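Right after this note come the structures.
Across the two complexes that follow, chain A remains constant while its partner is chain B and subsequently chain C.
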Partner chain A sequence: MNGRSAPLVARAHPFTPLVLAAAIVVLAFALPAPRGPMALYAATAALVALAGAPRALITGAIVCLPLWFFLFILHVALRGGDGLDAALAQGARLGAIATASAALLRSFRPSRFLDAMAVRGLSFHAAYLIVATLQSLPRLRARAHAIQEAQRARGLRLRGAPLGRLRALVPLTLPLMLGSLAEVDDRAMALETRGVAARRRTPLAPPSWSGWDVLACSAAAAALLLALGWRVVSP
Partner chain B sequence: MSAIELDGVGFRYPGAGTEALADVSVHFRAGEVTWLYGAVGAGCTTMLLVAAGLAPRHTGGELAGSVRLLGADPAAPTSREALLGRAAFVTATPVLQLSGVAGTVWEEVAFAPANLGWTRERIGIAADAALDRLGVGQLRERDPASLSGGEMQRVVLAGMLALTPDVWLLDEPGAALDHAGRRTLAGLLAAEAARGAAVVIASEDADETLAVADRVVVLDGGRVALEGAPASVLAGEEIWTRGPGSTSVAELARRAAGARREPVDALAAPYPLDAAEGLRRWT
Partner chain C sequence: MSPRQLALIPSAVALNAAAGWVVKSLGLPIYLDTIGTVLAAALAGPWVGVVTGVVGQVVFALSTGDMMWLPFAVVQVIIALLAALAARRGGFRSLGVSAAWGALVGLAAGAASAVISYAVFRGVTATGVTAVTTLLSGLGLTLAQSVTLASVGTDLVDKLLVLVLVGVALRSLPRRVAARFPWAQRAVAR
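Our next item is the complex of A and B:
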């Protein structure tokens, strides 16, 4: 996976996608609207495609589609809206952030991230907090799917009238929440018996910084400085 | 030498009306496989949690009496660090015991040794040996989340074995395993006891556990009801009234004896416990 044939996003140092995603979030609001966010969205899309995670583009667009629709209604179709520029700016911001987040989630490898944190001498607890946060969404989705299948097998109807669908949410969400809470306890015990409280973790395969990582992080830092500087000096 | 000492231990879960453990005094020796046997709710799981120092810290509740794990109080913050990696704890649900951070099975097994700061060379040797011992060496590049329940449980066991722990605490570890897996587990536990580890296994499967246990402690309502060599405890009549019953061969003998109008010596207690003993007695 980490060989030369692997996409750039899989070979990157685990901190690089995090730095880029954080920079994109800040830039989305720091750059002048509407051209700044639109250019950022285009740059994010190009970066994600070049890095070998084109599916993140589609995921980002799917997440944003209903929001774009509402922004169009709010700012363009309805009287008293802020106009097309506002809709484009906000839509592009959302698009850039959603695409960057989707790419981050797709490229995230917990074990490599833990190794990178261990190399830096950072505690397992801090690293695990970040890992658990980033993994919570796919884990919840998998659990929700399993519960949905189980409840369907027991005769729960998930289609039909809106009221019926609403009623079906209770047997779906309640086990999801209770199961997640119970899992937290069990996993905490399992992790404790596996030495996570120890002071120093050995990185199994310490990730290294490549020229691309340095270039990407430097470019992100420079873009941030320029955008924030422009914010300070502009009227 | 006792690796685990429970003296006058009582435990009550938060909001529970009755004690899960009541005035329990039992010691688990190094180099011995002890079988905790009891019906559901008898207190076997609670005893393992208390012995590991996980209850009441993770479960809440009130603990009374004295608990010593390898000579230290497992709940005391000062001894917790010294005990890291020395006690293995395995439950029936492997999916909840995975670290959740490993991309491959090898990383999963290496997870605990890495946490303890072992050198990479030592981690590699321990992880490879543990994977091979549990018969899952061919899975080392697989994503742990993609494994079957039985494969996952073998990986969890390998992860614990890599630590070469002094104490094994296992709660129904064979529940997710197939017959071959349970045979591997039995061999592993016997080998670990021979190495000098204290092995405590809570299991309701009398047929499987009988072969591997040196001693059985029968719990009933949170109290020690019976204790001794499995062959003597499980062959008697008392296990049927104070415990969860015995092996399937013993049950067959007991039912057959009950069905006869006249008592028959060959069917009376002490009951045979396995097929070989039954054949010797009845043919």
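Our next item is the complex of A and C:
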């Protein structure tokens, strides 16, 4: 999937989708409402489809569905809301951000991202925090599931009245907290042994910038400058 | 940052996510997604707590592809700073003191959440809080009042439970483990 036939979103430099997504977040709030955010949502959808991540459109819409529903109820159906224009503008902002986020997720590869960070000379600490956290997430969730099963086998009730379920929090979260602290000890020892402060990584295959990456980042910067400039000069 | 502090942060962030999963599986209308942030701040001080909160929000955005909630990193920072203050003042030494600090943290976090929810999201954020906001708005309150009441109400209960649970964990720590984290000993007034 890394050859010329892979979609643009998979071939892009790890920083390009991040720059584009950040630009979309700023533009969503900088462009004049409601037409600006609506045009931005349409442009984001077109960009994501062209970059070869059309599923991000569906993911973004699924994330936004409950938010769109509540925007309609709060601002259009109920009295005291901000009206249809405000609901459309906010709905389009959230749609553009959610679609860009979903596309970013599809392109995100932790190892390539860390190689790109190492090339830029970012510290081992920052890189370690991101990688170790991404690795810890599924492990601790699996442990939480194992603790839940073990406590249920010992007779802990996880269903029924809310007060009973609330009481189950201590036997479920306490082993989770103490277990994760035990893990900290092992990891700290490993870091000390490796002399974390002295190391600087050299990536074996550093990601390169293509013409498309430069074009996309330049276009995002130009759009941001135009939008922010317009905000400053407009009455 | 020392190796121990560096090793603590990933576990604390993962703890935020895992505790969130536990309450979801229990079907409780709370989050507990700041339990790791509070634990890190109480064990290693304010800056480790702040880094835990911010890294947690960024990693959550990267791992779920949902960048919408990044502005709520500000709330994590406030919680980390207040939790560290609680630890410094022995705020985890008993159930009652933990609960009082939890109420204070909940009020501050709820107020900050309300401002972000209203100013950035026009009152529409996580489904549970937005449902309460919609209900209050339907009862005739203004949008600003509804958002504030919903945010402060949910955060008050949630953060009170978080600080009580972290207090239980800190008081259960064996002395040998607690000795490695000087802030923890002060937090439980040992």
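Criterion: the second predicted complex is superposed on the first by the 164 of 235 C-alpha atoms of A that agree within 3 Å, B and C clash if a C-alpha of one lies under 4 Å from a C-alpha of the other, contacts with A are read in each partner's own complex, and residues count from 1 in each chain.
Assume a residue touches a chain if its C-beta (ideal position, glycine included) is under 8 Å from a C-beta of that chain, and two chains touch if they have at least 3 such contacts.
These figures come from a predicted structure and were not determined experimentally.
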Partner chain in contact with A:Glu192 - chain B first, chain C second, else both or neither: both
Touched chain A residues, chain B compared with chain C: C
Partner chain(s) touched by A:Ile130 [first = chain B, second = chain C, both, neither]: second
A:Ala146 touches, of chain B and chain C: first, second, both or neither? neither
Touching partner for A:Ile58 - first (chain B), second (chain C), both, neither: neither
Which of chain B and chain C A:Ala222 touches, first, second, both or neither: neither
Contacts of A:Thr173 with chain B and chain C, given as first, second, both or neither: second
Partner chain in contact with A:Glu183 - chain B first, chain C second, else both or neither: both
Partner chain in contact with A:Leu204 - chain B first, chain C second, else both or neither: first
On chain A, the residue positions that both chain B and chain C contact, one per complex: 128, 132, 135, 139, 183, 185, 187-189, 191-192, 196
Complex interface listing, chain C residues touching chain A: 1, 3-4, 6-15, 17-19, 21-23, 25-28, 32, 35-36, 39, 43, 51, 55-56, 58-59, 61-68, 70, 120-124, 127, 130-131, 133-134, 137-138, 142-143, 161, 165-166, 168-169, 172-173, 177, 180
Residues of chain A defined as touching chain B within the complex: 109-112, 114, 118, 124, 128, 131-132, 135, 139, 183, 185-204
Contact footprint of chain A on chain B as seen in their complex: 49, 52, 54, 58-59, 80-81, 84-85, 87-89, 91, 93, 96-104, 107, 110-120, 123, 159-160, 163
Of all residues in chain A, those that touch chain C in their complex: 21, 25, 29, 56, 59, 63, 66-67, 70-71, 73-75, 78, 80-82, 86-87, 90, 94, 97-98, 100-106, 108, 125, 128-130, 132-137, 139-141, 143-145, 148, 158, 162, 165-166, 168-170, 172-174, 176-178, 180-185, 187-189, 191-192, 196
